[in-house]
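The following pair of complexes shares a single chain, subunit A, combined with subunit B in the former and subunit C in the latter.
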Partner chain A sequence: MTILRSATTAPRSVTGLRSAQSKRAMITVLGWSVALVIFFPIFWMILTGFKTESAAIADPTLIFSPTLESYQAVQARSGYTRFALNSVAVAFGSTFFALLLAIPAAYSMAFLPTKRTKGTLLWMLSTKMLPPVGVLVPIYLIFRDVGLLDTRTGLIIIYTLMNLPIVVWMLYTFFKDMPKDILEAGRMDGASTFQEVFFLLLPLTLPGIASTGLLSIILSWNEAFWSLNLTSSKAAPLTAYIASFSSPEGLFWAKLSAASTMAIAPILILGWMTQKQMVRGLTFGAVK
Partner chain B sequence: MTKTRASGRTVGGLRTLSLQAPAVTLLLLWMIVPLGMTLWFSFQYYNLLMPGMTGFAGLENYEYLLTDPALWKSMGNTLLLVGWVLAITVVGGTLLAVLFQQDFAGRGIARVLAISPFFVMPTVSALVWKNMMMHPSNGVLAWLAESFGLPAVDWFSSLPLTSIVIIVAWQWLPFALLILLTAMQSLDEDQVEAARMDGAGPVAIFFFITLPHLRRAISVVVMIEMIFLLTIFAEIFVTTSGGPGLATTNLAYLIYIRALLDFDVGTASAGGVIAIILANIVAIFLVRMVAKNLED
Partner chain C sequence: MATLQLHNITKRFGDTEVIKGINLEVNDREFVVFVGPSGCGKSTLMRMIAGLESATDGDILINGQRINDVGPADRGLAMVFQSYALYPHMTVEGNMGFSMRLAGVPKEERRAKVLEAAKILQLEPLLDRKPKALSGGQRQRVAIGRAIVRNPSIFLFDEPLSNLDAALRVQMRIELARLHDELDATMIYVTHDQIEAMTMADKIVVLHDGVVEQVGSPMALYHHPCNRFVAGFIGSPKMNFLPVTLTGVAPGGVGVRLPGGGERSIPVDGTHLEESATLELGVRPEHLVLDEQGPLSGEIKVLERLGGQTSLYVQMNDELITIMADGDVAYRVNDTVHFGFAPERAHLFGADGLALPSLQQHPLAGLTRHDNRGPGAPSEEPA
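Showing the complex of A and B:
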């Protein structure tokens, strides 16, 4: 790489080389400064989680003696695990059902397209445009009447339906990219639809299905409109639990930070892993 | 021949139908039932605190809502919030995409750090900003201002809507960056190189090659953000509760107040219908664009 670069810059003068180097150094500094400024609130939150409450509200400093007392307090006083389990159940449950519904639908759209397929896909996309606040009242009343308020089941139903269009779309784009010949060959060998899907399609598109599932988990985990409005205590996931730190004027920054760090860490890591494939799902295949 | 083909199509059609039916039926119910109920309630007298008063209200809920100054204030706030966040994230996201497209040491890690806020749940972002960043005496911003000898800003009481804009923009800037960075990858490097050979400077390259190339991705970002930003809720819920006064109440928050705090189902539903209409104006353009993309 270095040899290549010096070869291309060789005809230029020494000052040209130097200015190219200083330009690169400038871009490095600029790029890193911007990234660090954007990331700073998260960094600061992680740091604050390891402070005592009094250190958390003291003048900002990087030098302090780290402690785990806030983490212990969050668990002991409010039962962090309970909310985390709700988040896990709701995110994984809704993702499971969304995939279960979407895989057959996306399969038929990609491999058995009819003249209605395009219309169906676009209609599914349009259901995603319905603002949640527009249907808050009826959903709240229905949930109240059938006893789904503050239940995990209720949230799983909502999140499954909320993510279904994105999941169908994303799977559709992955299935479409798969060479058709392989399924064709399987069919020639007498594979049934079921066998085709389970022994050919699923193994071959597993990376695509996995990243679709991850996006669905991320979206459900971070959803904060329905979780705040439809749960109070029993089924409250982490989004609602963190919101409970907003009520008192008392400043429990270290505990808030410890709880927040635990709440976002798994999703942050999943997000880093799937950022490239996520673009497909988030833009409905319009940007690849 | 014709016969077999026709029956083949029917079998294919049946198979398609049975495979898509569960997803389509559930989505249809999810869309039609609540939508129909919202529409129905919006024409009814229905207040959970006044069980005796029911019946057809005609356009009264709409009239009540449309003559309520709170509605116009909250519509104004919604537009300001959407407008400012869009301006910041699209301009910032484009510039950052150009920056992170350059080759520099540790670019991969820097990108990951810059994209991170998008994965943080809204309640966490809002509370971290409200407390640790923007707190008037103990926040990092107050400390920074004081170290430069400037007076600390009491963000949420003197600039409430600006504070919300900052928080929401911080969450969505990485989204714009992520999408635009992906779009940048299909930029034709040879074209850029050719332009450079012809003596085009970086500014000219940006305006005449990069920006036109990003046009479609930028419009996708604008529309998707619009749909989500029109109904920002959690950030307001945990920081200002719409206040002080109505300073940070947007349409979504107003509907929430009417429905779950005032229990006025009729008026809240009328507000819901207005929100749906607003979102649909944006949605039509987005769906059309995606449809066009589906053809290529």
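Showing the complex of A and C:
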């Protein structure tokens, strides 16, 4: 045992070990600082939600007597549930359709690539670089003419299209990582393309598909631009709900914060529960 | 009953032609090994037979039926992959029964067939395990089992042993040979390892740069390589090559002058040789004998004692010659050794790399692995 330990630590000098330790400590401090900076606005928002309107606009303080007044007011004014259900419907609906379209697309790109596959992938991603407002007018007019304004279907369509490039891209990297031999073995065993995908590809890339789906749900849930412009009341999701609190009567910070907290709570909890999966999914391919 | 014929098979990837018109005949119940260096096209050829790759040109026939346009599953073949390609999320039983599950075979029947194959491969205690809980050798056996349950007319093996360690490889080699006898199936086996080819094959197909260099029994390839490539590729350690000059052609052989000045007559057919022909002499390390009176000599540069044998690496002019000598030779590095060879063990190659045909056929050249069985052993085919 002693021999083993001295053998493993011998090449490192004591000072080298110490500098490695302090380096690690610095990285930890830095990581925590960045995380706190990112988290602070959310923390402040949650805090503000429990204040009275007057306390919310007073000098910032951490000590106050918490109240559910804003939550009651928010709940009294408009039905949170209706907005929440819309959010659930469009987030899950669009994710379902995005996966449905992206799985075959990513399959063909990963396993049957052509000369133009890389170009197609880049082109798909480049559509994300266009500011959405650039196509607002045509899309608004089309939606109006086909009667999709203020409908869940309309939002599901637009979110599906919005997330499709990133979903295809992510699935492509997951599929690419799958050994081709396994699919070929399936083909030798008599699997049709559909069976190959259903029995082999999907079960084996399920973690990747799950994290892609989660990301798509989060992106759809948090999307505000299209929901504000294409819905008014019937199909409005939670992002529109938050926005409704910055009304012409003025800004009510406590109520706005309470509404925002309620809007992001479900997705925050979902994200927190699945964070391991998410991190794995998002760093896939980058870290091997 | 399963035979395979390849007629003029070519394969192009873009502008690169990787398989250049291959013709081949595989007989029923034959164990055929495709061997060649990496990049020679042997795996591509096998994938075309399997149907995982399409042939650019030519016909693939199984039992006389053209199957170019038949899907991989409907060709009646089963393939064992180099990486085993087991389904990681299924148990051993699930892996072996997957083809039957796809075909809609009832569960009991499936289980019975899997058990039957598992018995042959001693996999019965492992049927409920997932592949990740198996050792390399066990995974390999599952992959073979998956092929067996399909009851294929031809088995295809794509370098199945290259991921195993040396000891296991020897064991699996023996098991595969046993399996071939037991199943009585036609098998095609791809490898870059000439020892696997020599030990298992009834027929070896040597591939190089997308063309077949030679087809024949292991002993025929060893004793009568048709060109310099096959001569160098088959046999370990590699054959030695020496430049020699032609001194004369007689009915009994071709006279050559060796680098050290000595002359020998090699019993090969030199009737078509021109007077100024450049020739190369090929002698295998195990056919060089240490001999004080030998016509060749050089200085020992490296000496490897393997126990039963000793490899001597001898510098002779510009060439480093390998000699397999007895394990107990008393030589040391920097000693000068004299050596020679029996002329009938030597090969002569022309400037085009082709071997001059031997005048005497080696008595074992026609042997296949099946002929190694003694007269008492059961044999389904008369020799």
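As a convention for this text, the second predicted complex is superposed on the first by the 218 of 288 C-alpha atoms of A that agree within 3 Å, B and C clash if a C-alpha of one lies under 4 Å from a C-alpha of the other, contacts with A are read in each partner's own complex, and residues count from 1 in each chain.
Please note the rule applied: contacts are C-beta pairs under 8 Å (C-beta built on N, C-alpha and C of every residue); 3 or more make two chains touch, one makes a residue touch a chain.
Being a predicted model, the structure only gives us computed values, none of them experimental.
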First, second, both or neither for A:L130, with subunit B first and subunit C second: first
First (subunit B), second (subunit C), both or neither touched by A:A243: first
Most subunit A residues touched (candidates subunit B, subunit C): B
Touching partner for A:G190 - first (subunit B), second (subunit C), both, neither: second
Which superposed partner A:Y107 touches (first subunit B, second subunit C, both, neither): first
Which of subunit B and subunit C A:S94 touches, first, second, both or neither: neither
Which of subunit B and subunit C A:S211 touches, first, second, both or neither: neither
List of subunit C residues in touch with subunit A within their complex: 50, 52, 71-74, 77-79, 81-83, 85-89, 98-99, 102-103, 146, 150
In the complex with subunit B, residue positions of subunit A that touch it: 24, 27-28, 30-32, 34-36, 38-42, 44-45, 48, 56-60, 101-102, 104-105, 107-109, 112, 114, 117-118, 120-122, 124-142, 160-161, 164-165, 168, 193, 218, 221-222, 224-225, 228-229, 238-240, 242-243, 245-246, 251, 253, 256-257, 260, 263-264, 267-268, 270-272, 275-276, 278-279, 282-288
Subunit A-touching residues of subunit B, taken from the complex the two chains share: 12-13, 15-16, 19-20, 22-24, 26-27, 30-31, 33-35, 37-38, 41, 96, 99-100, 102-107, 109-133, 135, 138, 140, 143, 170, 173-175, 178-179, 182-183, 186, 216-217, 220, 224, 227, 230-231, 233-234, 237-239, 251-252, 255-256, 259-260, 265, 268-269, 272-273, 275-276, 278-280, 282-283, 286-287, 289-291, 293-294
Residues of subunit A touching subunit C in the complex: 179, 181-182, 184-191, 195, 199-200, 203-204
